[in-house]
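Down below are the structures I want you to see.
Next come two complexes, and both contain chain A; in the first it sits with chain B, in the second with chain C.
And then the complex of A and B:
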C-alpha cells in the first residue's frame, strides 16, 4: 500500500518528509528500544514507537525504514523533525496507542516483518 | 599530589523503591568500611533525601560520601549524576520533581523510606520514583553540568534503561563525562562487542560501580581514581586521563 494512502486512511499528522516521493509499504515493526530496532527491523518497515529522540531518524535512515509513526500523542523533538527532513524520513503522528495503530494497519494489509512469524 | 581513591559511586538506599530495606546509612557505611572504599556515591532513583544522613554516618568513619541521583530521562535512559554541592543537589531535585509525574503505589513498586542515620523512618517519599521524568537525556546532562556535577551514562552494557539499549547508540551531541558498565560486565568483552556495533562508546572513559541495591552488593565493583581530593571536581579531572581511572573487582582487594 502506498504511504500516502496509509496516511489518508489512518488520519496521521505528517510532521516530516511531506515532500518526499511516495513509497510502497508492506510491513511494519513496533519497538521503543532503538537497539532492538537496529537488530530486528527490516528495510522499508513502517516503525511504530513512542520515542521522539533525534536518534530515531538515524536508526530509520541506517535501516532504510519506510517511515516512523509516533503513537499515543507523542511529539518528536525539534531536532528530530529537522534531521528527518534532511534525511527524507517521514514522521507521522497519531493520537492512538501503539496497539491501536498496529491493529488498524494490519486491517489495511500491513503485516509484521519478523522472519519467523509464519513458523510460530 | 595525586592519591588513590577506591570509589563506589552508584549505591541505592532504602529510598529507591527497588532498594533493600537494609540499605540504611550506618549499614551502608559499615559495608563500605569493610570493603575498603574511600568514596561512596549515593544515587537513588530520582531522589536525594537520604544523602545527608549517609554523609553524617560517613564522616564518623572517614568515608567520603558524594551525593547524587540516578535520573530517568523521558527516553527511559538512566543518568548517574554526582555533585559536590548541597545547593546543586537541591536544584537538580527540584528540576526532577517538577518533571516527574505520578504517585508511588508502594505495594506494587516498593517502599520509599527517608531514614535517619540508624535507619529509623522519618518520612515516606510519595513521588513515583520508579517512573520516568519528562526531561530529555540531553536536558538532564546539560542541567547536571550547569550545576557543576558529572553525568555518567548508567550501566550501558544492559539493554534496559541504558542509553545504548534505549537509543541504539550514543548521540554525538551528548556530553557524558563517562560511561558506567555494570559489575557483571567484562570490560574487554564490552569494548570489543560494543565497538563492533558502532555504538559510539570509544569517545568516552569507562567506569564501573556496584549499582548496589542490597548491602552485600556494595563494592562488588569499584573504580580507582587518582585524584587530588575525594570530590566530584577532582574525579572530573581524573576522568580526562586514562591512566588515572582503573576498574577493580572486589576479589582483588
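And then the complex of A and C:
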C-alpha cells in the first residue's frame, strides 16, 4: 500500500518527509529498543515507536526503513524533524496507542516482518 | 525498467516543478478569432489543442475535438469563444510535476495551461508528451553524472598502481554527543555506496559501526573509528581510552547491559548492540582492559555468499 494512502486512511499527522516520493509499504515493526529495531526490522518497514529523539532517524536511515510512526501522542524533538527532512525519512504522528496503530495497519494489509526471513 | 529506474522517476516527479518542464513558447489564440482561423493554427503548428488567452490570462482551452463538433453541428456562433471549454483547469508554474500528472490521470485532460501565481498570466503549457520528454532528459543527465562518479570511485582500486591498495577513512566520535549519534555511520555508508560496494555489504558495515559509535557515545569519553577498504574486505577498528569492559564474555551475552537509566530511556542499552555487531561481521575481536580502553576489530568480507 502506498504510504500516502496509509496516511489518509489512518489520519496520521505528517511532520517530516512530506516532499519525498511516495513509497509502497507492506510490512511494519514495533519496538522502543533501537538495537532491537536494528536487529529485526527490514528495509522499507514502517516503524512504530514511542521514542522521539534524533537517533530514531539515524536508525531508520541505517536500516532504510519506510517511515516512523510515533504513537500515543508522542511528539518528536525539533532536531529529530530536521534530521528526518535531511535524510528523507517520513515521521508520522498518531494519538492512538501503539497497539491500536498496529491493529489498524494490519486491517489495511500491512503485516509483520517475517523474522529472520532476511539476514538484515 | 528496473526498480531503481522507477524510483528515480518517482523522485523526479516530486522534485521537478511544472515550470521546469513546461513548453515555454506557447502558441495561444484569442477568444474572438474564428473557428476557420483556429483550424489553420492547429494545422500549421501540428498541434491538437491550444489555450485561449485574453490579456495574457487563460480564459479557455480548445482542441481538435471542439473543432470537429463545430464542423459537424455548425450551430451557434463561429468564433472560438463559442466552442472552447471555459472553466479550464490550470496549474501554477511552481507546483510539482506530480500535480499535473495526477490531473492528467484523474480528469483525462490532454493539456494544461501553466500560469504564474501573481497575475495568473499564461507562461507555458504541459502535455503528457512534454512531461515524458523532460523526464527522459533528466534521467539521462542524472544517469551520466552518477555513472561518472561511480566510475571515478569504483575504479579506484584498478587505477592505482600498487601491489595492494587500501582506502583508509578515519572518524572521531565525541563521548556523550547523543544528538549526533549515527553521523559517522551515516557518512561511512554514503562513502561505501559511492565506492560501489554492494548493498548487503555496506548495510552490514554501517549497522556494525552505528552500534559501535553509540557505545563510544554512551560509555566512553569518545574514540576513533577507522575503516580500511580493500578489494577483498572491509576492516573496521574502533578504539577508546576507557573505561574498558571487565568481562567481554558477559558483555556479549544477549540482554547483558550495564547501561544507566537515562540511556535505557532513550531505547538503548538493551544488551543487543554487540550481538548486532557480531551478526553483521564475518569476524569480530574485542580487546578490552579496564582503565585502559577497548579496541574492537570487525571484518566484513566483500564476497559472503
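Just so it is clear, the second predicted complex is superposed on the first by the 115 of 120 C-alpha atoms of A that agree within 3 Å, B and C clash if a C-alpha of one lies under 4 Å from a C-alpha of the other, contacts with A are read in each partner's own complex, and residues count from 1 in each chain.
One rule holds in what follows: a residue touches a chain if its C-beta (ideal position, glycine included) is under 8 Å from a C-beta of that chain, and two chains touch if they have at least 3 such contacts.
As the structure is a prediction and not an experimental result, all values here were calculated from the model.
When both complexes are overlaid on chain A, chain B and chain C end up clashing with each other. The partner of chain A that touches more of its residues, comparing chain B with chain C, is C.
Shared-chain residue A:22: touches chain C; no touch with chain B. When the two complexes are overlaid on their common chain A, residue A:54 makes contact with chain B and with chain C alike. When the two structures are aligned on the shared chain, A:94 is found in touch with neither chain B nor chain C. Among 73-81, 91-99, 127-135 or 217-225, the region of chain B with C-alpha atoms clashing against chain C is 73-81.
The contact surfaces that chain B and chain C form on chain A in the two complexes overlap at residues 32-36, 38, 51, 53-55, 58-59. Taken together, the chain C residues at the contact with chain A in this complex read 7, 10-11, 13-14, 178-179, 181-183, 185-186, 189, 200, 203-204, 206-207, 210-211, 214, 266-268, 270, 272-273, 275-276, 279-280.
Residues of chain B touching chain A in their complex: 75-76, 136-137, 159, 164-169, 171, 173, 197. Across the complex, chain A meets chain C through its residues 19-22, 31-36, 38-39, 49, 51, 53-59, 61-64, 79, 87, 119-120. Here chain A touches chain B in the complex through residues 32-38, 51, 53-55, 58-59, 77, going by the rule given at the top.
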